[in-house]
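Below you'll find a set of structures to go through.
Two complexes follow with chain A in common, the first pairing it with chain B and the second with chain C.
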Partner chain A sequence: MSSSAPAAPVARRSRARQVAASTWASATGRTGLVMLAITLLVAVFGPLLVSTSPTAQNLMATNQPPSWLGGSGGLMGTDALGRDVFSRAVHGLRLSLLFGLGVATASAVLGLALGLLAGYEQRFAGPVLLRLADIQFALPFVVVGLALTAVMGPGILKLSIVLAIWGWTVYARTIVTSVAQVCRMDYITAARTHGMGATRLLLRHVTPNVLGPVVVLWTTSAGVMILVESSLSLLGLGTQPPSFSLGTMLGDATTQLRLAWWAVVAPGSVLLWIVLAFNLTGDGLRDALSSSGRIEHDPELV
Partner chain B sequence: MIGFLARRLGLLLLVVFGVTTVLFVLTRLSGDPAAIMSPPDAGPEVLAATRERLGLNDPLWLQYVNTLVSTFTFDFGQSFAMDTSVSSVLWSRLGTSLYIIIPALVIGPLVSMAIGVYAALRPTRRSGRAVMGAAFLTDGVPYFLLAFILILVFAIQLGWLPATGNASYAALVIPVAVLTLQAVSATSRLVRGQMLDALGQGPVQTARSLGLSPAVVLFRHALPLALPPLLAWLGIQFSFLFSSLLVLEPIMNYGGIGNLLVRSVNQRDFPVVQACVVVFAVLITTVNIALDVAVRGLDPRLRKAS
Partner chain C sequence: MILQTENLEQSFPVSGGRRVQVLNGVSISVNAGETLGVVGESGSGKTTLGRAVMRLSEPTGGRVFFEGRDVTHANSAHLRRILRRRAAMVFQNPSTSLNPFLKLVDALTEPLAVHRIGSRSERRQQAYDMLERVGLDRAQAERYPQELSGGQRQRVGVARALMLNPALVVADEPTASLDVSVQAQVVNLFQDLQRDLGLAYLFISHDLALVSHLSHRIAVMYLGRVVEIGPAAEVFDRPKHPYTVVLSSMRRPAGEQLTPGGDPPSLLSPPTGCAFHPRCPIARPVCSTTAPELTALAETKGHEVACHFPGDLELSGGLETAVAPPPPIPLEAVR
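What follows is the complex of A and B.
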C-alpha cells in the first residue's frame, strides 16, 4: 500500500485536469463555463451594484415598458406593483441559483453514497435501493413538491430538503452498474486482501471511476431543480413572500401578461440563460469524459 | 417473458404501495392528520367528526391498513371543496387532459424521429447543424416561458387563438404545441445521437458494403439499432409531460387533472391531492412498463437474456 498511496492522487488530479482542459477546448464547454461564470458573478455581486430597490413599490408607475421601448420603466420595465423588473431579476437570481446548486449538490452526494452502497452490497441493500428508485421514478419532482405542500404547507426550505432527498435516484441508477463492475476488478480484491475497510475502499478506489457521470448529471440536475423551484413558485406554492425567486416573479406577472409582457419575459429569459449555461457545460463535460465510437464523418446516405 | 411481465406488474403494485406509504407517513409526521383531512376552516367539532370518520382514533397499524385498502380499491372518499366523490371528478378531469396529452404523445415522437434522423444523416452539413442548434436552444426554453411566448404572439398580438380555457378545439392548440415543442427539442437531439451511434455499428457498415439501397440501410438496419433506447427515453419524457401539465394547465386555465391537483393543493383538499398523486404514479409506471415490454420485443439480445 505504501507505494501506491502517493501515486493515486497524482493520477486522479491529472485526469481531472485533462477533462477540464478538454471541456474548455470545445466550443460547447467553453460557452457553458463562461455563461455559468457570468451567472455566478451577477448573482454574487449584481445586487451590490444595482441601486434600485427590488421591493420598492411605486403605484404611480405600474406596468411601465422598458426604456428601450420608449417607456419610463428602466432597463426591463416595471411590474404590476411598480417594482423595477431588472433589479428584481438580479436579486431573484440569487435564490433560484442557490436552490438549484444546493439541491443538486446534496442529492449528488446522497446519490453517490447510495449508488456505491447499491453496487457494492448486492445481496440485500442493493436490490432494495434499486426497487426504491423504481418506485420513486413514478413521481416527478413537481408532483412530489405539490404533495409535500399539500401536507406541510408551502416553504422553500422544506421543499429543498425533500427534493434533495428525492433526487438521489438518478445518480445511483447511473453509477450502480459501473460500481459493481469495478468492485470485481483485481485491484479491489488486492486492496481488500490487504485489509482495507469497505468505506475507504469505496471512497479511494471506486469513487474516482464513477465521478465523471456524477459531475455531468450534477450540472443538468442543477438546471432542472431551478426549473422545479420556478414552476412551484410560479403556482404560488414555492418561495413565499417576502422572499422571491425568478419563479415568484413569473407568478406575479402571469395575470398581467396583456399589460406588461416584459415582466414575464425578463425572468423567463434569465431562466433560459441559466438552463442553457448548465446544459452546455454538461454537454461539454460529457464529450470530454466519453470516448464513444460515434461517427464524425458524413454517412453519405442522402 | 411471463416472468418478466409478472415482475413488472409487481412493480406497479409496489409503486401504489410505496406512494400510499409516503403520503401516510407525511400526513402523520406533519402533526394532526385530522387538520389536513378537514376543510381549512374546520372548528373543533368538525375535527372530532373527521377523526371519528377517518378512524384516526384507531391504532396506527389499523389506520395504515385501511389507507392501503381504500387506495387499492380507488375509493378516496368525498372532496372537501367540491360536492362530489373524488373519483368522479378525477376521471372527468383526466378525460379533459387527454385531449392535450394524446396529440402531444402522437405528434412529439413522430416529429422528433423525422428531425433527428434528418440531422443524423447530415452531421457535417450546415442544414443538419442548424436544425440541432435550433433544437438545443428550444430545449433550454422552460416550458412555461414557451407557453407565455405562444400566448403573447398567437393569442394577444395576432388574436388567432384563445389564450386560456378549454372551451373549443382552438384552445387546445397552444397547450399541445408547448408539450410537443418541449418533447421534440429534447428527443430529436437524442434521436440524432442514437442514429449516429447506430450508423457507426458493424451491421450497418456491412449492409452498406453489400450495396443495399440507402433507404433499406436506414430503415431496416440502422433504425432498429437506434430504437430501443429511444423507447426507454419516451418513458422518461412521459413523466416530464405530467410535470409540465401541472404548470401549463393552471396558467392556461385549462380544466384538466393538472389544474385540479394544483387547485386542490391551494384549497387543501387532501383527498383529491392523494387521488391525483396515486393516479399520476400509476399512469407513469404503466406507460413505462408498456415501453419496457416493447423494448424487449424489439431487442432480441434482451429476450435471450431472460
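What follows is the complex of A and C.
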C-alpha cells in the first residue's frame, strides 16, 4: 500500500461512496445493480432500437407464436390484435419503470418528512401520525384503490398520486424510533444550544442517521409499486388505453392465454426481472449499510 | 454577573398525571471568569440545573438571568440573540456529543453558520484555529469523530462550545467518561482556556475533589436543592452541611470515610423537613419536620448552609494538607 509515512493523510471516502463500494462488492448487490442498469438502458434506449411499432395492429397476423417456435410473430410473437409483443414489452417497460420510481420516490420523501416529524414531536403530532398509520395499515389498498377509482375515475396519474400518499406509513414507521433515538443524542442538544432551528436540525443531523433504511425501502418499494400498478392495470383501474404498461399487457393477454401464452409470459418475465433487480439491489444496500462504520461496535458507547 | 438564577424550579410530568419536582428553588450565580462547581449524586438535579439555565427546558418557577437579562420564558428568537449566542455546553459522553456523519470541521463551523458569522472560508479558518487551540492538529479537521480517541473527541466538544466565543460554558460531567490520565488533560484544558479567554464555567460533576480543584466556588446539591454553597476551599476543607462532610470524607482512607445509610430518596416522594434527614448521621427531631433555609454563616463571607445544625458534624483535621488540591486560578488573573 502507499502508506509508507505513518502521518500521511489517509484518503477519505464519503459514507455514500463507502456504501456504494460495499454494495458493489457483494454478489447480491452487484447482480442487482447490473440488472437495474440493463433495465434502465433498455427503458431509455430500447424503443430507439426496436423498429416495429408497439401499437401497429396487424389483424392478418394475430396470436402468432415467436419465431423460435416456428411462428412468424418475431422475437416474442404477436398478441390478439397482431401487435408485436417484444416491441410492446420494451415500450411498456418505460411507463412501468417511471411509475415505480416516481411513486417510490414521492412516498419516500413524504414518509421521511412525516417520520422525522413523528419522531421529533412526540407530544402531539407523533402519536397522532402513528395512530393514523395504524388505521391505514388495517385497510387493504386494493379496497381503497377500488373505492377511490369509483369516485375519481381510473387513470395512471391519479393512481400514482394515491399510491404515493398511501406509501408514507412504511417509511415513517420504520424510521420513527431511530429518529426519536437520535433526537436524544447530545449532538442534537449541542445544536439546540447554538440556536439551530428544528427544520435544519432534522435535515442536517437526523436525516443522515435514518437515510439508510429509507434507501433500502425505496428500492424494494419501487419494485412493489410496479407490481401494484400492474395488478391494478390488470383490473382495469390503472393505465388506460392507448397508453400501456406491462400490467395492461398482462391484462389484455389473459383472455387469450390458451391461444397465445407468450403474450402473457413476455411481460410477466420482464416484471419478474425488474422486481428482482430492485430487490437484489435493496438487499445488497441493506447489507452494505449494516456493515458500514455507522452500526459498528463502539466500545465507548455504553 | 454572567448568570443568575432566583428560586429556580423545574418539574416534569410523569405517568399518572403527577409531576416530579427536580429543582426546588435553586439560587446560584456565576460571575465573569469564575467557575462555579455544582456537585451532587445522581438525581440531585445538577444536570437539570445545567439544562434549565441553558433553556433546554422551560423552568416551571423562579427566574434565570443571563448577562442581566431575564431569559426564563424567552422565546427561541429572543434566546438566539442572547443566550444561544453567548453560552455553550460541553457534554459528558464524547461518543454521543459529536454527529458520526459530520466531519470535525463541519461540526465546528456549525455554530458560526447558524448565526451567519463570516464567510465559508473564514468559518473554516476559525475552526482550524480552534482545533489547534484545544491541542489538536488542524489536519484532523477532515476526520470523522469515530476516528478519534475519547479524549480527542472531548477536546473537539470543547472546541465546538468555544466557537461562538461564549461568556459562559456549562460543562456537564465533562470528564466522567474519560480515563484518569485523559481527565487531567481535559481539566487542564478547561483551566488554560479560562485563563486565556476569561470564560465563566458552570462545572457540573459528582466528584467533589475534581470540582474543588478547578472551582472558585462550589454549590452542593441534594434532591433538587442547594444545601451548601461557598468558596471552594471552605466547602471542601471545612464543610458545614453533613452531606458535604460525607462527600468530602470520600478522599480519606477507607476506614475514615463516612457513608450515608440507605439510598437517595425518590423525587416522587421527597422526605418531609430536611430532605437529607433520613440519611443524616446527626439528624434530630426538628430535621424531619422543618426544612432548613439556606443561611449565611457568620465566620466566612459567602458561605451559606441549609442545615439546622451547621458544623455539628466535622471532618477530623490533619489530612487536608496531604490531599489538598492546588488552588484554582485566582479571579484577578482571569480578568
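Points worth noting:
Going forward, the second predicted complex is superposed on the first by the 277 of 302 C-alpha atoms of A that agree within 3 Å, B and C clash if a C-alpha of one lies under 4 Å from a C-alpha of the other, contacts with A are read in each partner's own complex, and residues count from 1 in each chain.
Just so it is clear, contacts are C-beta pairs under 8 Å (C-beta built on N, C-alpha and C of every residue); 3 or more make two chains touch, one makes a residue touch a chain.
The shown structure was predicted, so the numbers you read here are calculated from the model rather than taken from an experiment.
By the touch criterion defined above, A:L49 lies against neither chain B nor chain C after alignment on the C-alpha atoms of chain A. In the overlay built on the shared chain, the residue A:L59 is in contact with neither chain B nor chain C. When the shared chain is aligned, chain B comes close enough to touch A:N279, but chain C does not. Set against each other, chain B and chain C differ in how many residues of chain A they touch, and the higher count belongs to B. By the touch criterion stated above, A:L139 is placed in contact with chain B alone, chain C being left untouched. By the document's definition of touching, of the two partners only chain C reaches A:P208; chain B does not. Contact with chain B, but none with chain C, is seen for A:L227 once the two complexes are overlaid on the shared chain. In the superposition on chain A, contact of A:A27 is made with neither chain B nor chain C.
When the two structures are aligned on the shared chain, A:L157 is found in touch with neither chain B nor chain C. 293-294, 296, 298, 301-302 are the residues of chain A that lie in the contact sets of both chain B and chain C, per the superposition on chain A. Chain contact summary for the complex, chain C toward chain A: residues 54, 56, 76, 79-80, 84-85, 87-89, 91-102, 107, 110-111, 114-115, 139, 142-144, 146, 150, 157, 160-161, 164, 177. Put simply, chain A touches chain C in their complex at residues 9, 12, 15, 185-187, 189-197, 200, 204-205, 208-209, 293-294, 296, 298, 300-302.
Taken in their complex, chain A has these residues touching chain B: 131-132, 134-143, 146-152, 227-228, 230-231, 234-237, 250, 254, 257-258, 261, 264-265, 268-269, 271-272, 275-276, 279, 292-299, 301-302. On chain B, the positions that touch chain A within their shared complex are 11, 14-15, 18-19, 23, 26-27, 30, 36, 120-125, 136-137, 139-142, 144-145, 148-149, 151-152, 156, 163, 193, 196-197, 199-201, 214, 217-218, 239-240, 242-243, 246-247, 250-251, 261-262, 264-266, 268, 270, 273, 277, 280-282, 284-285, 288.
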